[in-house]
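Report on one structure; see the data block that follows.
Naming follows writing order (A, B and C), and every chain is counted from residue 1.
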Amino acid sequence: MSSPPPVLASHLITKHFGSVRALRGVDVAIHAGEVVGLVGDNGAGKSTLVNIFAGALQPSSGQIFVDGQEVSFRSALEARKRGIETVYQDLALAPDLAVWANLFLGRERKAKGILGRLGWLDRKTMRREAETILERTRIRIGSVLSKAGQLSGGQRQAIAVGRAVAWGSRILLMDEPTAALGVEQQERVAELIRTVSSEGLPILLISHNLPQVHRLCERILVLFQGQLIADLRRDECSVEEIVSWITGSALVRNGNGK
Amino acid sequence: MASDAMVTAPQDTETPQVTADEATPSVRFLEKYGSLWTVVVLAAVVIVFGILSPALFTQAGWGAVSKATYEYLPLAIGETFVIITGGIDLSVGAILGFSCVVAGYAMEHLLGNATGSMFVTVVGFAVGIAVGAACGVVNGIAITKLRLPPFIVTLATLYALGGATYIVSEEPIYQIPHQLVTFGQQELLGGWFIAPVLVALACIVVFGIFLSRSSFGLRTYAIGSNPITAERAGINVSRHLIWVYTLSGALAGIAGILVTSNFAQASPLFGNNDELPAIAAVVIGGASLFGGRGNLLGTLCGTFLIAVLTVGLVLVQVTSFWQEVAIGGAIVLAVTVDQFLRKMSQR
Amino acid sequence: MYKVLRDSPIIGRLIITVSVLTMAVGMTAFAVSGGASAAARSTNHGKSGSITIALIPGITSDPFYITMENGAYAEAKLLGVNLVVLGSSTAFSPETQIPIVNAEFARKPSALVIAPTDAVALYAPMQRYSKAHIPVISVDTTLANTSFLTSRITSGNTNGGELAADTLALLCHDKGDVLIMSTNAGSSTVDDRMTGFTAEMKKYPGMKQLATEFDNDSPTQASTLTQSAILANPTLCGIFGLNSASGAGVGAGIQAAGKKGSVFAVGYDAEPAEVASLKGGVLSGLIAQSPALEGALGVEYAYDAVTGQTSLIKKSVSLNNHSINSTNVNQKSTQVFFYSATVHTDGVKA
């Protein structure tokens, strides 16, 4: 019985920034329907790894596989073409653009016919679809005409998450998606993650919020100083244990935790 | 250039206060067309000067004002696109002068002994626009490939072209087709317009629609608002910027041929210092020098505001030195009010 | 107040902003027009409803044109007419002058006296006045096509160029190289001075005229070009700076090159700075025009045209120039031709 290949996998990914070795040979595999947490202390290499998967950075060495096929992304656009959508830590929104424009930037809906080929935007359609996309996040945005910079932090997060969910077809990468949210809104995003996951889309989630990670993620990967030192099953560990892996004390105690 | 506002999301944990969906349709309309205040300011200035000197409201008054805009409108249009991306183009005046002199040179040599030729006229237009666009391409490539700040690159272009213009011709070129002069000087539509004014107004309508309704326009705003976001969205920012600077140069070329047609000569003097009123018009019109904001309606109002000040001050018999003071004052006022309105709309 | 602004919808903010702006603009305009009436250079010698003559010089900051204005004001006071002087203070160019010509047209003055900054570009804007039955008189410079002009008044430029050539030939003892330091070309005066100089120079076979240099009306440029020319041509003996900016620059350049006394400069116009240069030996000669007389005659002919006394008007007037050199510079009769740097709207000369 052969299982389908992981949706996203990596083999011996390393990344140097000058003399700083941010990642030292990381192997991960994420399968359909999984919600995988990626945790680690500051500087452990979490964002670097996610940026590599997102195509925003190139690895110094190592391979990436999507659905078992080796790929290399020269840009974020190429990663997106493979269905990998990312919610960046800085949200990657244009504050002066309207909500609908932020949702469709780079993939704008054009009018039919020759006007469309010249680049004429179909704003009505985009506004309509924007409203639908945002309804899924269940966070109140109000008018999709508002400029992104005028909204609160929680609303901006909703747009970033909604955008990734709307376009992601293979896997979602989320870098601290609930960082600036209040409790109620964090719950909403958590619900959204569960909904999306139940549809089969895998999610890789970076978060400092360990209780939330423990609640949402079946597997938890721990990075320590650029290396993957633990691949934990949620049912088999507690939040305290995760913390000890993050600080490295578990490493000293156990060797490794696979 | 890239605003840092989006890098760290603020620690706002409450539901938002006044959001747009609580606004009435008229308020939402006003927020969409935020630079409407420029129109009102322009109207106010027109009324004030009109009261001081009713001669402003005559056909001759409109003629003086409109003739003082056609040279700057194309420049300001290009500058609007550039400033929205968070850049600046200091070379538009120099490109105007250089392209018009090259076009004049071409027309003079093609005409030979003849006084007129439609063909040569069309060639003149084509050469002017092409030369302007070429200068813009050079600007764009230097800025994107060499990764130099637009201020420095366009300043260098300004100086280089200033000298190059005199190499092409030290004296004005008068040998241009009479059809071109007719185009530039003949009174149309009952004496209310000359063709250059109509062309300039047409440009602003066409490019206004282009900026607000096309994906190119949207991406221009995106790049100015947050270039990293634009890059991540899959936009080829370098290529887009090259197009923007090329457009600015081409429009300067258009301005050059319009001036040539109205002044009946191609002179190395033209375009001197023109970048200042062009940039001023864009800023007065509500654009932000940090990028991401601005529109051509505002630019149109800014250009006309400067023209009305220029003409109005002559009508009330004030020397031109005060014009420059007034225009400088208008810019400071415009930027201050813009910042004020911005702070108001962001708690 | 702040709270009101913050909480009120955007309409409120807009209205408040606009009211503030309108007030600011209105106050500025009133202040500027009222407070600057001293600088607005207009006089009201006549009764209301009487004649207003508009004078548009090439550039208002140049002593040549200031002297012209003074002559015009004196004549206006004599005749009892209003005189309005408008012009760019920063540049001598059609781009800055034409908007002023167009704007003044809306006020429909009784007559226009103007020094056009370009012989071709100003044709259409000036002709509009003529078509509206407003007499147009050109002073100093003129148009290529003068058909509609009531009169054109100038100080003989060809004659001035010739005088300059003779002066340099004298100083150089008919031997050596000379060149012209010119400003941006395109005006009739500049062309005529160059033509006169070049033609007269041919009468001196022992002297060679080198290529003309262009300094874009900048004394700094002229000085730089002068020093370069001196370095490049050891046999250079004399330079003709054919307008005040060029002359000033040439003098400075010769001094900077340390060639005072061996390279001779003849300047044009008798501005205070140039007269000082002449007295100091930096310049060896000055060709002075008659700007005051041009201005006065322009106003006089304008008055004649408006009052229907067209027989008194001569269509073309070429006034004499005056050669000033080290021998006559201190004579009272010569000093009358010096230019003034201050405007006298009441017509009292310096």
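Keep this in mind: a residue touches a chain if its C-beta (ideal position, glycine included) is under 8 Å from a C-beta of that chain, and two chains touch if they have at least 3 such contacts.
All figures in this text were calculated on a predicted structure; none of them were measured in a lab.
J.: Of the chains shown, whose Cα centre falls closest to the middle of all protein Cα atoms?
T.: Per-chain C-alpha centroids compared to the overall one single out B.
J.: Considering A-B alongside B-C, which chain pair is linked by more C-beta pairs in contact?
T.: Counting C-beta pairs in contact for B-C and A-B gives the edge to B-C.
J.: So what's the Cα centroid distance for subunit A and subunit C, whole Å?
T.: From the centre of subunit A to the centre of subunit C is 71 Å.
J.: In whole angstrom, how far does the Cα centroid of subunit B sit from the Cα centroid of subunit C?
T.: 32
J.: Find the geometric centre of each of subunit A and subunit B from their Cα atoms only, then give the gap between the two centres in Å, rounded to an integer.
T.: Chain centroid spacing, subunit A to subunit B, equals 42 Å.
J.: At which residue positions does subunit B touch at least two other chains?
T.: Residue numbers touching two or more other chains: 23, 31, 345.
J.: Which residues of subunit B touch subunit C once you look at their complex with the stated criterion?
T.: Going through subunit B, the ones touching subunit C are 23-24, 26-27, 30-31, 36-37, 40-41, 44-45, 48-49, 52-53, 55-56, 58, 60-61, 63-64, 67-68, 71, 166, 170-172, 174, 185, 259, 262-265, 267-270, 272, 307, 310-322, 324-326, 329, 333, 337, 340-341, 344-345.
J.: Hey, which residues of subunit C end up touching subunit B in the complex?
T.: Counting only subunit C, the residues touching subunit B are 5-6, 9-11, 13-14, 17-18, 21-22, 24-26, 28-30, 32-33, 36-37, 39-42, 60, 84, 86-91, 93-96, 98-100, 102-108, 118, 120-121, 123-124, 128, 184-186, 214.
J.: Going by the contact rule set out above, which residues of subunit A touch subunit B in the complex?
T.: For subunit A paired with subunit B, touching residues are 56, 75-77, 80, 86, 88, 90-97, 101, 105-108, 110, 118-121, 123, 140-143, 145-146, 148-157, 179-183, 185.
J.: Give the list of subunit B residues in touch with subunit A in this complex.
T.: 3, 5-16, 19-23, 28, 31-32, 213-216, 218-219, 221-222, 224-226, 228-235, 292-293, 345-346
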